[in-house]
Amino acid sequence: MDLDQIVAETAADIEPHRGKGKVADYIPALAKVDPKKFGIAIATPDGACPKAGDADESFSIQSISKVFTFSLALQKAGDDLWKRVWREPSGTPFNSIVQLEREKGIPRNPLVNPGAIVVTDHLIDNGDADAAIDNLLRVLRDHAEDDSIDIDYEVAMSESETGARNRSLAHFMASFGNLENEVEVVLSAYFRQCALALSCAQLARAGLFLAFDGKDPVTGERIVSAQRCRRILAVMMTCGHYDNSGDFAYRIGLPGKSGVGGGVLTIAPNEGAIAVWSPGLNDAGTSTVGALALEELVERTGWSIFG
Amino acid sequence: MDLDQIVAETAADIEPHRGKGKVADYIPALAKVDPKKFGIAIATPDGACPKAGDADESFSIQSISKVFTFSLALQKAGDDLWKRVWREPSGTPFNSIVQLEREKGIPRNPLVNPGAIVVTDHLIDNGDADAAIDNLLRVLRDHAEDDSIDIDYEVAMSESETGARNRSLAHFMASFGNLENEVEVVLSAYFRQCALALSCAQLARAGLFLAFDGKDPVTGERIVSAQRCRRILAVMMTCGHYDNSGDFAYRIGLPGKSGVGGGVLTIAPNEGAIAVWSPGLNDAGTSTVGALALEELVERTGWSIFG
Amino acid sequence: MDLDQIVAETAADIEPHRGKGKVADYIPALAKVDPKKFGIAIATPDGACPKAGDADESFSIQSISKVFTFSLALQKAGDDLWKRVWREPSGTPFNSIVQLEREKGIPRNPLVNPGAIVVTDHLIDNGDADAAIDNLLRVLRDHAEDDSIDIDYEVAMSESETGARNRSLAHFMASFGNLENEVEVVLSAYFRQCALALSCAQLARAGLFLAFDGKDPVTGERIVSAQRCRRILAVMMTCGHYDNSGDFAYRIGLPGKSGVGGGVLTIAPNEGAIAVWSPGLNDAGTSTVGALALEELVERTGWSIFG
Amino acid sequence: MDLDQIVAETAADIEPHRGKGKVADYIPALAKVDPKKFGIAIATPDGACPKAGDADESFSIQSISKVFTFSLALQKAGDDLWKRVWREPSGTPFNSIVQLEREKGIPRNPLVNPGAIVVTDHLIDNGDADAAIDNLLRVLRDHAEDDSIDIDYEVAMSESETGARNRSLAHFMASFGNLENEVEVVLSAYFRQCALALSCAQLARAGLFLAFDGKDPVTGERIVSAQRCRRILAVMMTCGHYDNSGDFAYRIGLPGKSGVGGGVLTIAPNEGAIAVWSPGLNDAGTSTVGALALEELVERTGWSIFG
């Protein structure tokens, strides 16, 4: 299979769709991104990275960071994590608080906002949000073998200034005793992780271990156990796209995670990690053109997890 | 891989757990089943069927029938089906009506009760529920190569007599114009499909085509297209166990569908179809011991879809 | 106080507003009513009945019948009624089913649809819906001293044909064991009571006893005890207009009950019973022009219950 | 009518019930109050104040303060207030956030927590919470003719420390643009108003104007217009006791407002203002013994608003 050619063809196919969807406008830093941007990159086990379009331009990965914090928290806490968060699809939008009231402050899964806030809380020791973020950065740089990966602090600041809804979610969980650190401490880490800036190529490389049973196929380093890796992918498959997760599984057939910056990280087990980026979103916050590109790619590669 | 041995070991492993869970008691015919029953069978592409326990005893497949009606409706309607039902996990119990009010009579997916009622409605032409059921029976007998498969009419009668909640769901959707046939016509088919009685061996055989891209590997008959088969599995993966779908994906890592009779049909792409049966259920209506057995089996075979 | 003059002035005031609001269109019989109709009548303790406009034209009283069935059920059951229905405002539309799922089949109050269905069920003995309706008719004719009051059977038939939502509510409650009679038996009575046709003059006269501590001031007949009368008014005040009850109390300051036929029965304790009718409705199903007229009337008479 | 005797008899009647209900325990300052406390006082138009029990002991009036801030906001904003808060019963508990999500940050009424937070926000000019609280204190002291009325700052501090749920509600509304001041500024005022400490005698006196069309019958001072007064009472009647408002109207028949400190302020139009206090609460946060005492009192005085 000539992945370079497939990536090029996929990029060509979506050319007429560039600019579709609605760019997130809740923070200025996201709203000003060119809606016609599109990038795609595939990290493969031999260390190659077929890519096309704006695959080397950094974008705000937003909620895709939840995959990496979830992985870290699972390593740190093991099954204890599940005392504080469920692992079920929510059936509701990413920032819904209704479920939290019904289920007494326990969020539905680690990939919706309240669940990710709990996960971030879990990663903070002694109230030191900076240390938690430093560690996350170090891990991502290691995974991606690229020390230039960083946080976009303008975005992080903007997230915090417009973060009323996330503050509400965090205080709500705190009222049920489901946060160990101060709300503002947790959020200061949360807003920074959302503001991580990576290119498609960096993001695909950082997630490559998830496609190979938790072991980086390039460096040979084991990052999580094979069982844990499968479980992370299972949560991505059922919960990775909020109330659009079923549709993504139906159309793409691979575990993935979307971010409102327009990125999607998708894992093809035993094949590679795919990152796409295009800022326009559908109603559930998944990149419209990104999803189209993934559909094309899966059609061409036959990489669906379902046979 | 010696599947006969693996099946035998799996059955031995769950021996101490037999009888766990809570047998469904909403209809007498289900409540009187021996809670210690346990069966497991794997239909394989070579036509063999490793099995253990009560794998040849018929049980009420209940909601597992939704997989087969969904498959038929998708063939009949194509994408038009999605005008009448979503394909997203519901985040709510199997018989919840809350989502229907919020989303104006469109059920969340074809594998929750209201969604399956819409699917059944779709399969009925000219108000002839008997013809629809005859067709379903014929299809299942063909798939399983076993003409003895039948409906347990005592169960069907009992379903109808205690079917107030399903009647409520159906009338609710009818009030939004989302049923084409009379409510009682649709329910008369729906209650019969729930009362289908199959053994683990028959059920696994009937579902085998789903493990091989929609083509029966024994007879060579194509039943659904490869793409459609993947899509059916995607819906099973994200929605097959109501508000327990995330947990099932996390623990088992394979698409499946549970029924309150205690059966679970699970698909291992390119490997086989697995049916387990044990009447005791967890809170979400999935067989407690059945899920344990599947967890064991996946551990031993490495059949997780996630790597 | 010259009520004749006040009624005439009130009618004159609302003249420019005639036709406002949206006529109920869920059944043809209601949809075809002239939207410009307007009637007002006040039954007073001396037997007089100041009135204006179309006050002698019959209209479908719809949910206003719930006041009379509620009164009858309270007499029949006493406090036992409250085991099957709450007496709290619902905060939701008249036909919402969400609250029923959350509160396990117990409706919020006797003046929303599901609550009124339970009340009707309570009035049916031995499955005889006809006897219950005969009794209701007799009671209304007695109260109004007018044997010509009757059911509009065309409307009743139409209600039944389009009654999917009410069927859903009834089956839902039946699934929790909160109906004693067969669903269709209960609904056959319910649809007929909704189809009662009265004029403003008849309706005001029929409700007069509620303004005088439960005793008809004209005939001297005690209909309900003083305490029970106060309680009926309390439920009308807090629950009489679905999710518009607070606004009605705020603007009018009197207990009342609306119907989607455009009628409103309002009680001014120790003064009289007021019936208005105008088919156009607001979003919550209360007559737009009827509420305006009541606001005017209360302004002129000073009859607010709040001082 | 000898109110001194009636008050004494009412107090005697409830003697065996003292201590019933569950004392609020979410803040230590409330939890440590003696559950057997009981006070009752009636402010009458002649300046007298029949009272019994612990009627001169200060308690935390908590949500009863919402009546006074609502009255002030209505004077300040007029109908503009209704752009930011509805006036409908919520059908949900005092601190529920579900309705806020459904209705996009507009709370149901000024007497539930989120509605009262909006009201408090409305009373703060230029971000000066202290000035708003100073004004509220001055108003209450004027109404009650008692300059000793003050805030219990230990309670206020405790409210703030345990105020995660109210913080969540406030940030949620802020995310919809429904707060003009900073969340912590608004809450600093809100927590202080909840911590107002008054005795039954003071509270009844402070609310007396509401029983006389908005005019203090002792001093002759007009505080709000007659129409506005009726409207405040209407909101108290339909919304004053959260999801227990219907039951309170049914049993007591007077507009009132409860607080989780165990106090209830009740208005008998043209008669007087009644304050009761007893710390034990029912499930909806209304004083159990207080409500019993009011039921007795209304039985003896015949003061129901419903005839």
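Going by the order they are written in, the chains are A, B, C and D; count residues from 1 in each one.
What we mean here is this: contacts are C-beta pairs under 8 Å (C-beta built on N, C-alpha and C of every residue); 3 or more make two chains touch, one makes a residue touch a chain.
Predicted model only: the values in this text are computed from it and were never measured.
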Labels of chains that are neighbours to chain A and to chain B: none
Farthest-lying chain, centroid of Cα atoms versus that of chain C: A
Where chain A and chain D are represented by their mean Cα positions, the distance between them in whole Å: 47
Cα-centroid distance, chain C relative to chain D, in whole angstrom: 32
Distance between chain centroids, defined by C-alpha means - chain A, chain C (Å): 55
Multi-chain contact sites of chain A, meaning residues that touch two or more partners: none
Those chain pairs that satisfy the touch definition: A-B, A-D, B-C, C-D
Touching residues (chain side chain A, partner chain B) in the complex: 86-92, 99, 108-109, 211-213, 226, 229-231, 233-235, 237-239, 243-247, 249-250, 253, 255, 269-270, 304-307
Of all residues in chain B, those that touch chain C in their complex: 96-98, 100-102, 164-165, 167-172, 174-175, 183
